[in-house]
Amino acid sequence: MTSATLAGLVGAALVGLGLYGLIANPQPLRKILAFNLMGSGVFLVFGIVARKGAAAGLQADPVPQAMVITGIVVAFAASALAVALVLRLFEDTGQATLDPEAWAKPPDGGAGAE
Amino acid sequence: MTEFLLATAGVILFTVAVGLVRILGGPGDADRLMAAQLIGTGGIASLLLIAVATGAHGVEDVALGLALLAAFASAAFVNSAAPAENSDVADGR
Amino acid sequence: MSLVVDLFSIVAIGAGVFFFLAGTVGLLRFPDALSRLHALTKADNLGLGLVVLGLLPRAESPLAALKLVAIWALVQLAGASAAQLVGRAVRRKGTAA
Amino acid sequence: MSVLQALDIGLAFLVFAVAAWTIFAPGAFAATVGYVVYGLLLSLVWIRLFAVDVALTEAAIGSGVTGVLLIGAAARLRATESGAQEKSLSGASRVFAAALCALVALALAAVVLLLPDQGPSLAPQSMQHLAETGLGNPVTAVLIAYRAFDTMLEKVVLVLAVVGVWSLAADRYWGGAPGEVRAELPEPTLAFLAQILAPLGILVGIHVFWVGADAPGGAFQGGAILAAMWIIVMMARLTEAPQTNAVWLRLAIVAGPLVFLAAGVAGAIIAGGFFAYPPGFAKPAILFIEAFMVLSIALALPMLVAGPPRREPPR
């Protein structure tokens, strides 16, 4: 087995792990982490496609590499927006949960109400 | 020589892995932050060794970037956790 | 000539690996966070320094060699500052951490 | 089994173990630190795949800047962890979810294993026209020349993310500066670190951008390193975050995509195709566009990390 295939298999496993974390972890911040993990797994699968496309004197196909680079930046932008949403939810309700029942009874003090 | 470089990279990664097992579990946040520091140093060392052994070009810049950002996790922790968890700041003011 | 360079690299990098091992032993054996921090940030930095030293003769160009030295210096700075920052955070919280 | 193979397998196990820790760790903070470690390990994997440009991006953005964002959030959300009893999935649905995820992973693994050894590749095409762009790094050529439209839209995504984060501000803070008002003294160690790191980091960031034309590096990586330097300077309180209604800030953040789009339109007029560069003038044009991209990235990423405005704008 080549190192590229190995990296691809790790990528596949990471997608599975991340997907599980996204479903099973109740806290939004953990879901963001899991989602990022899943994304990087997909990037690694791209990486093996790039490595297997080594040709013309290059050690890896540049097109998938460029797509992964844009992907990393977009993933960061999405995470930043998601984190900002979670923090805003925390400021307004005093808790960071996706459970609608918890929002029904806001903690006293009403922090952040405008 | 190549094999020697790769083997040392492997040994360093192994010591990092053993260290991670010890400190990622805590007990305190300080221990966990050390994990970021540990992988910073050990990761850069094995990165350089692997790059020289496999002949990947331009890796110095990657290590340089990692070295620049090595203290960021600790800095972010100190910056965001300081007001919440201590009291001596309030009377020092 | 290349034999001398190889020997130099092997000695320096081997010594570096020893310090990485020592740092990890310290992490495992020391009883509290502050001494673990000490083991980690001193021993590993020395280890990286020796690895960099061993790789210096193999650098592709003078600029690459300069970058290697800069990498080590930056990691030293990061290690020292992080040790200070985390250590103060530990002390502020008391001995609990 | 050669030493290299053994190293690869060890690295793969390490990456997987740290990833599993991020998912199953008992606390959010522990998981977040795990994610930072994981990001750094990923750069090692990218080096093994000979994708140095990607390794550089992962090192700067994936591990560094994302680490600051997530660790800050985890530290702030700590209070919610102990208090609220989160409703977790029941045992049966956990098993079902795990089975589903295993299925997805296995399907992907099968795809990976079934890939031919010499896969389809656009490498020959990208090398063939490399000389016309005047660049030496095919990845940069893909980003700024061959697939310029993608990269331009990706810059637009960054702008939209900044707008999204800012719009989460409370009404009275709109246009104000991000970050909480804190009266406490900054950490002197942090200030010392920032004072030494920032000048060196700016040098490295510009260097990475400049060599990106011919060697691994480029606008994304250089911009991200510059962004990290602004972040550490703000963390050390050497400077305050700017007002989000400052005209220079807004202009600089949209400058990247705007200049890129203008160059694309100019290409349609001068060179006979949207995002075509006039022959012989490609490299200066590309570097010009990239310089504005660096500016936009270096300002947009710190604003994303800083979060929505939290202070009232001055009247």
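Residue numbering begins at 1 within each chain, and the chains themselves are lettered A, B, C and D in the order written.
Going forward, a residue touches a chain if its C-beta (ideal position, glycine included) is under 8 Å from a C-beta of that chain, and two chains touch if they have at least 3 such contacts.
Everything numeric in this text was worked out from a predicted model, so none of it was measured.
Engineer: Please indicate which chain is farthest from chain A, where distance is taken between mean Cα coordinates of the chains.
Structural biologist: The most remote chain is C.
Engineer: Give me the two chains with the most inter-chain contact pairs.
Structural biologist: A-D
Engineer: Using mean C-alpha positions as chain centres, tell me how far chain A is from chain D in Å, no decimals.
Structural biologist: Computed value for the inter-centroid distance: 12 Å.
Engineer: Report the inter-chain centroid distance for chain A and chain C in whole angstrom, where each centroid is the mean of the CA atoms.
Structural biologist: It comes to 31 Å between the two C-alpha centres.
Engineer: Just give me the whole-number Å value for how far the CA centre of chain B lies from that of chain D.
Structural biologist: Comparing mean C-alpha positions, chain D is 19 Å from chain B.
Engineer: For chain C and chain D, what's the span in angstrom between their mean Cα positions?
Structural biologist: Measuring from centre to centre gives 27 Å for this pair.
Engineer: Give me the residues of chain B that touch two or more other chains.
Structural biologist: If we look for residues of chain B contacting two or more partner chains, we find 16, 29, 33, 40, 56-57, 61, 64, 68, 71, 73, 75, 77-78, 81-82.
Engineer: What residues in chain D touch two or more of the other chains?
Structural biologist: Each of 4, 48, 50, 65, 76, 187, 190, 193, 197, 200 in chain D touches at least two other chains.
Engineer: For chain C, what residues touch not just one other chain but two or more?
Structural biologist: 70, 74, 77-78, 81, 85, 88
Engineer: If we use the touch criterion from the header, which chain pairs count as touching?
Structural biologist: Every pair of chains meeting the touch criterion: A-D, B-C, B-D, C-D.
Engineer: Flag every residue of chain C that touches chain D in the complex, lowest number first.
Structural biologist: Listed in rising order, the residues are 70, 74, 77-78, 81, 84-85, 88.
Engineer: Can you tell me which positions in chain A touch chain D when the two form their complex?
Structural biologist: Residue positions touching the partner: 1, 3-21, 23-27, 29-30, 32-34, 36-37, 40-41, 43-45, 47-63, 65-70, 72-74, 76-81, 83-88, 90, 94-97, 99, 102, 112, 114.
Engineer: So in the complex, the part of chain D that touches chain C is made up of which residues?
Structural biologist: 187, 189-190, 192-193, 196-197, 200
Engineer: Can you tell me which positions in chain D touch chain B when the two form their complex?
Structural biologist: Checking each residue of chain D against chain B gives 2-4, 6-7, 10-11, 14, 17-18, 21, 25, 29-30, 33-34, 36-37, 40-41, 43-44, 47-48, 50, 52, 55-56, 59-60, 63-65, 67-68, 71-72, 75-76, 78-79, 180, 182-185, 187, 190, 193, 197, 200-201, 204, 207-208, 211, 215-217, 221, 225, 228-229, 231-232, 235-236.
Engineer: In the complex, go through chain D and note every residue touching chain A.
Structural biologist: Touching chain A: residues 4-5, 8-9, 12, 15-16, 19-20, 22-23, 28, 31-32, 35, 38, 42, 45-46, 48-51, 53-54, 57-58, 61-62, 65-66, 69-70, 73-74, 76-77, 80-81, 83-84, 86-89, 94, 97-98, 100-102, 104-106, 108-109, 111-113, 115-124, 126-128, 138-139, 141-143, 146-147, 150-151, 154, 157-158, 160-161, 164-165, 168, 170-172, 218, 220, 297, 301, 304-305, 307-308 of chain D.
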